[in-house]
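Here chain A shows up in two complexes: once beside chain B, once beside chain C.
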Partner chain A sequence: MRVASSARSRRRPPLLLVILAGIGLALFVMPLIGLLFKAPWRDLPELLSGPTVADALRLSLLTSIAATGVAAIIGVPIAWLLARVEFPFRSVVRALVLLPLVLPPVVGGAALLFALGRRGVVGEPLNQATGLVLPFSTWGVVVAVTFVAMPFLIITVEGALRNLDTRYEGAAASLGAGQWTVLRRVTFPMIAPSLVAGLLLTWARALGEFGATITFAGNLQGRTQTLPLAVFVAMESDRDTAIALSLVMVAISLTVLIVLRDRWWGAS
Partner chain B sequence: MNTGLRTCLVAMVTAVLTISCGGQQDRGSEVLVSAAASLTDAFVAIEEAFERANPEIEVVLNFGGSASLREQILAGAPADVFASANLANMDVIVQAGLTVADAQVFATNSLAVAVPPGNPGAVAGLADFARPELLLGVCADGVPCGVFAREALARTGVEPSFDTNEPDVRSLLTKVEAGELDAGIVYVTDIAAGEGRVEGLAIPPPINVVASYPIAVLSDGEGRAAGGAFVEYVLSADGRAILDQYGFGAP
Partner chain C sequence: MTGGLDARLVVERDGGFVLDISIEIEAGMTVALLGPNAAGKSTAVGALAGLIPLERGHIQLGDRVLDDPARGWFVVPEERHIGVVFQDYLLFPHQTVAQNVAFGVRGSRVQPGGSVSAWLDRLGLSELARRKPADLSGGQAQRVALARALITEPQLLLLDEPLAALDVTTRAQLRHILADHLRSFAGPRLLITHDPTEAFLLADRIHVIENGHITQVGTPEDIRLRPRTSYIADLAGSNLIEGVAADGVISVSGHTLTAADTKAQGPVLATIHPRAISIHRNHPEGSPRNTWQTVVRRIEHYGDRVRLQTSDPVPLTAEITPGATSALDIHEGDSVWVSIKATEVTMEPGSSVAAVAPSVDDAE
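Showing the complex of A and B:
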């Protein structure tokens, strides 16, 4: 391992690849530079100290973490079934699960509204039985965000499970470990890096979710107005606040992605 | 495979040539109109009638929020005519010296309360926007319809309990149509365009807010003469009749 990596660093990379990668990187860096140049640095503390910002930040962290938790509980079983169990229409099920990746989030939000809204196909009986109303509530945000973000977890974990050498699990089973013990002691530890990567991607997508949230859950400060919604509304009336909020989002996302990546991904 | 690729390339080149040549040919008789989103239905009808009366002129409509259209025009986007949903956005363009003459108000609009068919929340008017048990929507503050709605509510002295601040009047209307909101404050013209998917409750004149729609020919556009003809048509009796049909009031 050590030998391979030192050999890798000694050889010079092909120039063409470096140039193409540089152009690609510029595409990601340029918008950030634009944001930094337009940022009202002097007024930043004042712009960010308002109650709107605090509410949006709190709500964004709460809903994105909740959505990641929900995705872990119901998404990982989907990934496991898709990777390990032969069942009819498996490719159809996989396509359905990955649909939110290609669907415009606004369409997803509208579909959720027609299904789970107060007058929705599922939402109406649910509302009559339990009194639960999802749209315009914080739970509605969690539902919308989970819908859009969970495919990232499923696709990552399913890929890891497929690449896993099943002989380890077989060995554990032959030594008398039950199915749950194999899952807990062998399977999950072996796919841990992918699991963490998937959870991280899911959380990042959840934090940035806009279209499905505003369409399904609406926009109310303190209840459903997450950071992306606050940015969008501010863009129409108060551009400085919008840029300040965007900087907060960039800072949070970059910090988490860099720190967690170094700790979990890089180490493996 | 190879033939398929070649056919595809030929089709692409043809498409590009058609687009560029078409643009050049029509340039002299084309008029590009940037209009507020709330004018969509009325201006599509006016375009049809205008082109029937002036077959040599081709009208191209560009709809958007008045504020973002204003920003586009200030940034130098090609447009021959600007029709705004409020005076403030037009004033910016006039003061920047980008219009041929002063803007003229050609239509007015006012607010109404939209409720789902059957009015399940038994909403009677703006006073019901204080009822916390209802799901109530409004346009976000900063969007013209949101500014007007808050103005009207302030006049009634009602302390509203909103459940959502929608980014534009169309998305607010969609949620009322779906029955997810018990009521929302929209424009009278939106209820006319809703064709029975929502019911409208009138807001009486002393409380209601009147929005004025100004229109002007822009000085930077290449289709200035054609633009003048279009504006004249909007202000004419024929234009007035179409605007009436879509619920816009006379200035």
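Showing the complex of A and C:
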């Protein structure tokens, strides 16, 4: 007969599990090590100051920050409506909003092209009315990147709004605060940690976006060639530059993870 | 000029629950809405504050109509001028004490000499002005919630279970301070509570609410002596006796009561449940520490229970079965013996509100 005891639960985990987990972990660690070993450390400053790299870095920062800003302005209202207002087909709307999370970005970019391209359903009248051409422009990059990254903000903020005790908003209203004042002084400050986390995740995803950008906005240096696109191009011609750019992106990603550590992996 | 509250609240909630109550409160008067959990008290708070619209009925505060569905009239919460001390206080966690108090003030700057610092001062919160709500004790949080509500100069003060979040000893102390603040508020005041002692000590009139309906309205004395439902009899029908305790002996207007609790000293409020009181025809045998002879003033029947009111030296309400009443052959005016075990006399520090001098310190 087996006797359950606290000592038993503390015995070593099954060896097979440890081995399999080790292989899994290696999958994550090996590329990083490969990158670090192949890195041309001495030439790094020179590689990173070349015109292609500088353009890509500038463009990536510009478009990812713009996309995060756009997501904040139009994504937070979506999150609020999904969390607080009961409307018909709400679950359908939520599924649509979250679609870019699972949709291959290339497909997203192609779909954007069909809709907003020069001959697109919306793009053609838009072009005729305003002269605006989105594809193959920097704004096109912002649109593509927002499309892919905004769901991260929406799910994070919607979750936070659902967890917020709405009685606080009632308390604020009883003190004379109108709906906008309640949002500004109570709701948003109370969900601030989630809002910041959501914006950071959105920004990190925007920075790394590749598929939708290259399909919808193309690969024009200085206009639409962001860091991931520059890495892709450099892999064909200039490995050292590709590695240098990759290191920059790894550094940014790690920084985001460290900033978000309490939220995502500091819980244990 | 502050006016009274005149409201009939009809709200239907999911699951078939219906709240249908009428409340009238004159300015300067405290009414308690006393009832068990899930009786509809929170719904009533929501309806008055404008967070839950009425289905039927009306809310009139002074000369303003706040809600009247029949005429399609509804005033939004932020324009009702109702000061609410919410259950759990709901202080904004991201703001300091001073910012919380300043929340309802237009252009809310925390200026020295302004109304915010005056209110902080008045409630003894000046020292805590820079603290966050997470660093406050329950009593301190309650005062912040009061200051935050009162600074807006509301026309109705609504207190939703203001003492429920506190531990028992703090509760007894804060009840007196709360009473002082209630008295200093000129408009109508509504106290929502499930605690009969709180209702008895703080309210001029009590509305008992059960399952969404008012089952009895009366002064605390009425409710205590003539409870109309078994809930009220059980919870609110207890004997409350003011006295002065010394080593387990409570002096009550010349008479003494013995209690098992020897710790309490000074003014106390003793509670004896009506079912803990035995009635005898002759001097009882045995060990009860409290025994005296008295006269039955009144006998009332409530279904399977009978409530007797006895007269001097310590007027009490006792509850016995109809069987016991007929076995003892008791009638109004009869002389009987009362006995109470010392362990059935419970007490807490403090006396009734009227006997306490105003004080702002709450010994935390």
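For this structure, a couple of remarks:
Assume the second predicted complex is superposed on the first by the 225 of 268 C-alpha atoms of A that agree within 3 Å, B and C clash if a C-alpha of one lies under 4 Å from a C-alpha of the other, contacts with A are read in each partner's own complex, and residues count from 1 in each chain.
Assume contacts are C-beta pairs under 8 Å (C-beta built on N, C-alpha and C of every residue); 3 or more make two chains touch, one makes a residue touch a chain.
Just so it is clear, the model here is predicted, and its values are computed rather than measured.
Applying the stated contact rule after C-alpha superposition, one finds that A:191 touches neither chain B nor chain C. Of the two partner chains placed around the shared chain by superposition, chain C is the only one that A:174 touches, whereas chain B remains out of contact. Using the contact criterion defined above for the overlaid structures, shared-chain residue A:215 touches chain B, although it does not reach chain C. In the superposed pair of complexes, A:82 makes contact with neither chain B nor chain C. More residues of chain A are touched by B (comparison of chain B with chain C). In the overlay built on the shared chain, the residue A:206 is in contact with neither chain B nor chain C.
Legend: residue contacts after superposition of the two complexes on their common chain; A:160 is shown touching neither chain B nor chain C.
The part of chain B that touches chain A in the complex is made up of residues 65, 67, 135, 137, 140-143, 162-167, 171, 174-175, 178-180. Against chain C, the residues of chain A that register as touching in their complex are 165, 167-168, 170-178, 185-186, 189-190, 192. Per the touch definition, chain C reaches chain A in the complex via residues 46, 49-51, 76-84, 86, 90, 92-95, 103-104, 106, 148-149, 152. Put simply, chain A touches chain B in their complex at residues 110, 113-114, 117-119, 133, 135-136, 214-215, 218-221, 223-225, 232-233, 236-238.
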